[in-house]
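Alright, structures below, take your time with them.
After this come two complexes, each holding subunit A, first together with subunit B and then together with subunit C.
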Partner chain A sequence: MSNWVLKGLQSGVVTTRYPRKEEKAQGISPGFPDIDSQGGDINGREEDVCPTAALYGDSNSLKLDKGRCIHCFRCVRNTGHPVSWTSGFEWASFTEKGTPFPKIFQKSLYIRVVDSGDCGACLNEVKLLNNPLYNMHRLGLFITPTPRQADILLIVGPVTDHMKTALRKTYDAMPEPKRVMAVGSCALTGGIFSSGFTSGSGVSSLIPVDIEIPGCPPPPLAVLHGLLTLAGRTK
Partner chain B sequence: MKLQETVNQMQSRWNTELKIDLDLSAGTAVVHCERNTVPPLCGWLFNTMEYHFTGLVPEEGTEEWKLIYFFTGEADLGSIQVQTSAPLNEETFQSVSPIVHAVDWHEREAEDLFGLVFEGHPRLGDFVLHDDAWQEGLAPMRSGFDSDLAHSQRKPKSNWKPRKVLDAPGAFVMPIGPVFSGEAESSHFLLETIGEEIVRALPRLFFKYRGVEKLAEGKSIHDALLLSERFAGTTAFSHALTFCTAAEKLSGGQIPERAELLRIFFAEMERFRHHIGIIEGICSSTGLVVAASQAGILEEKMLRLTGKLTGHRYFFGLAVPGGLSRDTDDEAIKEALKEIKGILHDLNTLEKLLKKTSSFLDRLEDVGIITPQQAQDFELAGPMARGSHFCNDVRKLLPYGMYPSLQFEVPCEREGDGYARLRIFFEEARQAAAFMNQAAAMIKPGPVYTPYSGGEGTALAGVETPGGASWQWLRVDKNNRITRYRIMPPSFANWHGFHLAVEKFAFQDFPIIKATLGLSVAENDR
Partner chain C sequence: MTTIGTLILSGLGIYFLGILGVLIFPKKRTSLVLISGGGGSLILMAAGAVSLFSPDIFRTVLWTIPGLGPVTVTVDHLSAFFLIAVSLAAFPASLYAAPRIHGVRSALYLGLLISLAPVVITADVFSFLAAWEIMSIFLYLLINSGKEERPGYLMLALGEAGTLAVLAALLLLAGNTGGLSFHALKVSSMHITPGLQWTVFILSFFGFGVKAGLIPVNFWLPKAYAAAPPSVIPLIAGATLNLGLYGIIRINTDLLPVHSTGMGIVVLVTGAVTALIGILYATIEDDLKTLLAHSSIENAGIMTTALGAGMIFLATGYKGAAAIAFIASFYHLLNHSVYKTLLFIGAGTVEESTGLRSLDRMGGLLKTLQWTGFFMLIGVLSISAIPPFNGFVSEWLTLQSLLRSVELASLGIKIVFVAAGAVLALTAGLTVTCFVRAFSMGFLGMPRTEKPAGIRKAGKAALVSMAFLALISLSLGVLPTYVIPAIDKAVSPLTGINGSTALIPPFFNNAQEGNELPQHFVSDFQTIGAQIGKGTLPGRGLVVMHRGGKKNPVVFAMSTSYLFIMLFILLALTFLIVKFATRHRKTVKRPRWDGGIRNLLPEMTYTATGFAQPVRVIFNTILRPKVVDRREVIIKHFREAIHLKRKEVHLIDKLVLYPLSSASMWTAEKLARMHSGRVNSYAGYALFILILFLVIASFI
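Moving on to the complex of A and B:
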């Protein structure tokens, strides 16, 4: 019989110190195009054009709609005038109606996850929040099996036609006060699937969204930052 | 060449009914035949000549319907396409699935999405488009379908109910999903039972149907590539690779050797990470928290390594027709191999510990059994098939890229239970690491990209993705626009055989069996 307790202890603590300290490990985030840099040209060959029109404007004043970016890297790896790239992961932003939870709820929140047609990457990043390297339990954040106990509805995927009923029912079953969190560019705008007849154009076409996490997929720390923002625990 | 013999036999059996285009140098034969010849011909190829069924591609031409059944043989048996056609106003074909059961879901899909009729098929309807959400006869894949109007013109069956087969006192249907308790992918299971044991399991999938094949129509190769990469994100690189291989077949262009080797390196890196993720899933399904955490640490380490090497944790944007979108310097690869060596060591330790944990093994051994015969009949793919001694692997069957110059044996187990599949995942992870080392040792300086010239025509490409053989079919017109894109992913074949593993086992085994199969829903639903 293997001694798992010993094995666990031997591994030591591997968890990130975020949010108390900055996380500087490499490969924790895919990043975004840096629109403040000079000289980027987005009107090159057909295979260099931004496929979801996340980057627009001209080379003097580039604009970026993060919610549309699908990390195809065309703008940065093209042969003409590549734009530069930034890292980081604190991308969460409230929508117009979105507000943090009232103070009494801030210490611990329960999350209900609904997959509304994602490719598996966003869902995998959400799964990794329970990974020892991120361990969101330490921050009082938990995934719950029932909408009745949930504070946050976390949605990944573009909201496919077949998932609409299930998503609606989950939302309706949650008690107030509740918040809706759209994770990934599919959930925000439909991403690459937005023009389909069965894949929707994001969560906000069905239920009101409070907070948006862009990225394709947003890395675990971006989701974590979003959850803390909803709890009103970020600066 | 055995393909010649097959063709000779075919001709002597069916004589004048067939028109065969044989290309011995490419090892392919295209057989044109009448609609009623298709079932006996396919049956003979599959059952007597032991060809593998690869997939079915239905196409709507300007004048006629065309169905292409793909078969691939071992050794030098070659590849055979069985083609049949019918005028556009005649939509009835003979079903092959009573003779070759592996065709079952392909024909159901064609019926649902193209509105074709398959005479003699045992069960049609309610498949991709759910009957409680869409009306019958929608046929969205037809060229005349207006995708904007669909939402406002709904006439679904309001009284739809799942079909109950079990007729016994106390029998009931246990529905699970589509939303699960944790963070599982959306899928629905109707489990019929009279108590403890699952008597009949009916997976109801396609909750995540995004219509990728329809979306790709009219797009350029470069834009469709993004779809092929993003319909199954955890195995994005190998699916993008399948697409690129097909596109490169169309243009006839060669890609640089460095790109070929780096593609192998990254494809195997993806397999390595994917399998660690499946192992993590198996450990957590049995409630073995420490083991799941250990595997989880390794998975995240691999994702970070991927992000460091390629700029994206899931290889997005890396594979492009003509090579790779960016080079990786040799120093970084050496560093990565060092790190992978450490991860592999930890993985081996984990396997040793797991093999000594009897409470864990009790949940896997003799549970979720698929027999070799079943695996063959359902033409299962990947680790799920190899756990049941059905050892097909595209890297051996139809080698692509630089795989012919690498040494390897396809891992295979006989028992077909959950434990056999777990051993396959560990063995394949080890093998993937060996591949990475072999490929890295052969890498020489050079370019990683040649401009992609495009090309007209059709191409089929197969790649061994982490989940098994994935096939993609492309038809491109003279303006370099895609007119037909067909994805035949491994999980489409494997979900077809899913019920084999769970039936006759108890309810508490269901999540564990599901974890040991390691199937992707997004990949199947497309």
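Moving on to the complex of A and C:
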């Protein structure tokens, strides 16, 4: 028998303290271009600098569409006017119609994850929520295989044509109150696939989205933050 | 009691007039079969009821055959019970059969009906065997009037072997006496040697076991039931199986005195094994009718187990426990003829409407055959022993009576009882699996073939007969305290004590007479409501209860009547609470969750074969299927063609039928050498026979 008890005791608690304490470990987030602090302009045409057109607008008022950014760092490496970079992970934002759950539902939520044709990256990050480092069970968040029990529909991927029916059926099968969470740039805008010949341009074209989490892929903590925001448990 | 005689005579007379009518006016056969079959069975049922509840026994001597003695008819309580059980199945079966039966088959059908009653009321060897043979021949003719003939021949051959065994047994019994009447046999059997008694027992038990469907002589039954024409199979399944058990009960508990436990153990073990093997093959069977036939074997096994338990209790002097076991057996017999007729009518209706018999091909029939499905559901619940339906009462009594074996002295017998109880418990579990499968794969889910889309509705006659049987099923289940005293009238002559006083405590009257339970004990039950209904309801009470002896001071109690009322109240209450709690909510209807696939195809759903697969895997040792697994490579390096064929050969076929048939083939082959074609050798055979006869003649 392996000495897993001893090993476990030796390694101690590795779970993040987030959200009770701030998580400051290195490399937990790919980050985004820091437009706000810099304003700034980009020397050159945007499409040359930013392949997914996440940076847009004219040189005086440059804007960032987080839903399109794939953290490619081309804007940072841009030799003329390098853009500075921020880390952090609390990126979740409600859409116009999105609201947190009513108070009575906040303590415990069940999540149905639908892979609507993603590359595997987002799904991998969502999967990490169940490991000892992030352990979302401690926050009362659980994955469920059946939409009949689910409160949150977590969608990754750009919604390929073949997954449209499944997604629609899953959404219809969920009881009220329900919230839809789009995770990753693909689910938000279509991402690098954009609206290709086999895929749509994000979830919102099919079903109403309540909360969006940008990133390609968003780190587990960003997803966790999104879930807590949806539960109304973040400040 | 002339009323009984008149009733029986008029019942049989109506059948006979029906036959004449069918033969003379073949165009009017529907109404003729309906009137004579239905009316005759009702009259016979009435005759049975009258003689069951009258204290006297109807006896009459019809005429005397020179050399064989008088032909006697005796309607004692045992006969009366079987008359009721047979007619109870015959009445709805005739309703169902009337519009479906054609040509000469309708005359054969009425002929079978005519021959059923004499089997149970004749009281001498000659007329009993004559009635038995007539019944067997009509049964054979009816089964062979279907599409396939081989199963009928098999049944006839085995049935005749059984009859011969019974004949031998009865003649051995009669050898001691001058008369051939059952009464004389009963008197003479009081002092026969144990060896003779064992011979008579083995011969008659397995001889009648052919009709009753007992192992190892039941291999004809599934094949014959599957091959019989659908219009007559409810009668065959519901009524004739009972007669085999009647024979066993009549000879081995009534005529022969029950002295030794050995015979009881043989009966008990045979019953338990029959039950398990029967249900095992029913669970994996695909053809709905064959499934029901295997389940008939299982039910015969349960009845026989209870019978064996009763015989052991009787031989060891535990008359109370024996009465309970016999009542359980008789109750189960009554129940089985009701729900098996119901299920066969349902299966017949399904086949008629959709042309389907294979469970793998059915599915979703509830949408089109609502009422048939509803009645089938009741039949399935009854046979699976789910309260408040009737199967529960008799299976409960059977298992409880097996538990009473703790009181027995001998350890060996106790072990046999425990094993039989475990086997019966397993059987009960498998029965639920089997019939959940039969109903859900047939009636629920999606239609698996195109055909059920264009179904014909069930006929009115089928629905009426099924409704009648469903109602009887429910009444037998809800009112056991009124059924048990009636059954006890047939049982008490066998055991010598009043079983109903032992089983039904008098919660409805405070009289102390006939009350086996102490007063303080009774009052405990009255505080929890056992006397609810007192003053308004007749009878002793609604609770079935008995106490173990000193060695097991346990109370076995149940009341399906109160359970039914409570179920009703709780269901209504739940409904009202839910209705009240959700009065402000709106209901949203969404399609069922199918995993998000585009189209759920019938091929994707669970099949009957898949449902039974766990059972097949668990009991692989018993089933031992022939698996042919052949893989062929079509082109090198490319996909293989895989042929996987699996065939279950019935255990009894493998162990009894095949060796038997190969042995007789071998014998025939050897004997065929006699036919050499030379005239000299034939003349030699004639000479040899002549000498043989002369030698025999010189000895006599």
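For this structure, a couple of remarks:
Rule of thumb we're sticking to: the second predicted complex is superposed on the first by the 213 of 235 C-alpha atoms of A that agree within 3 Å, B and C clash if a C-alpha of one lies under 4 Å from a C-alpha of the other, contacts with A are read in each partner's own complex, and residues count from 1 in each chain.
Criterion: contacts are C-beta pairs under 8 Å (C-beta built on N, C-alpha and C of every residue); 3 or more make two chains touch, one makes a residue touch a chain.
It should be emphasised that the depicted structure is a prediction, and the values quoted were computed from it without experimental measurement.
Of the two partner chains, neither subunit B nor subunit C is touched by A:Val180. Contact with subunit B, but none with subunit C, is seen for A:Gly8 once the two complexes are overlaid on the shared chain. Looking at the shared chain after the overlay, A:Arg148 reaches subunit C, while subunit B stays out of its contact range.
Of the two partner chains, both subunit B and subunit C are touched by A:Thr170.
Between subunit B and subunit C, B touches the greater number of residues of subunit A. Contacts of A:Val113 after superposition on the shared chain: subunit B is touched, whereas subunit C is not. Looking at the shared chain after the overlay, A:Cys50 reaches neither subunit B nor subunit C. In the superposition on chain A, contact is made by A:His71 with subunit B only, not with subunit C. On subunit A, the patch touched by subunit B and the patch touched by subunit C overlap at residues 114, 146, 165-166, 170.
The touching residues of subunit A, when paired with subunit C in their complex, are 114, 146-148, 165-167, 169-170, 172-173, 175-176.
Taken in their complex, subunit A has these residues touching subunit B: 1-2, 4-5, 7-8, 11, 14, 25-31, 46-47, 51, 70-74, 77, 85, 113-128, 130-134, 143, 145-146, 157-158, 160-163, 165-166, 170, 191-193, 195-199, 216-217, 219.
Taken in their complex, subunit B has these residues touching subunit A: 130, 133-134, 140, 145, 147-148, 150-151, 178-179, 181-186, 206-212, 214-215, 220, 222-223, 226-227, 230-236, 277, 288, 290-291, 293-294, 296-297, 299-300, 303-309, 311-314, 316-317, 320, 325-326, 352-354, 356-358, 452, 520-523, 525.
By the touch criterion stated above, subunit C contacts subunit A in their complex at residues 588, 590-591, 593-594, 596-598.
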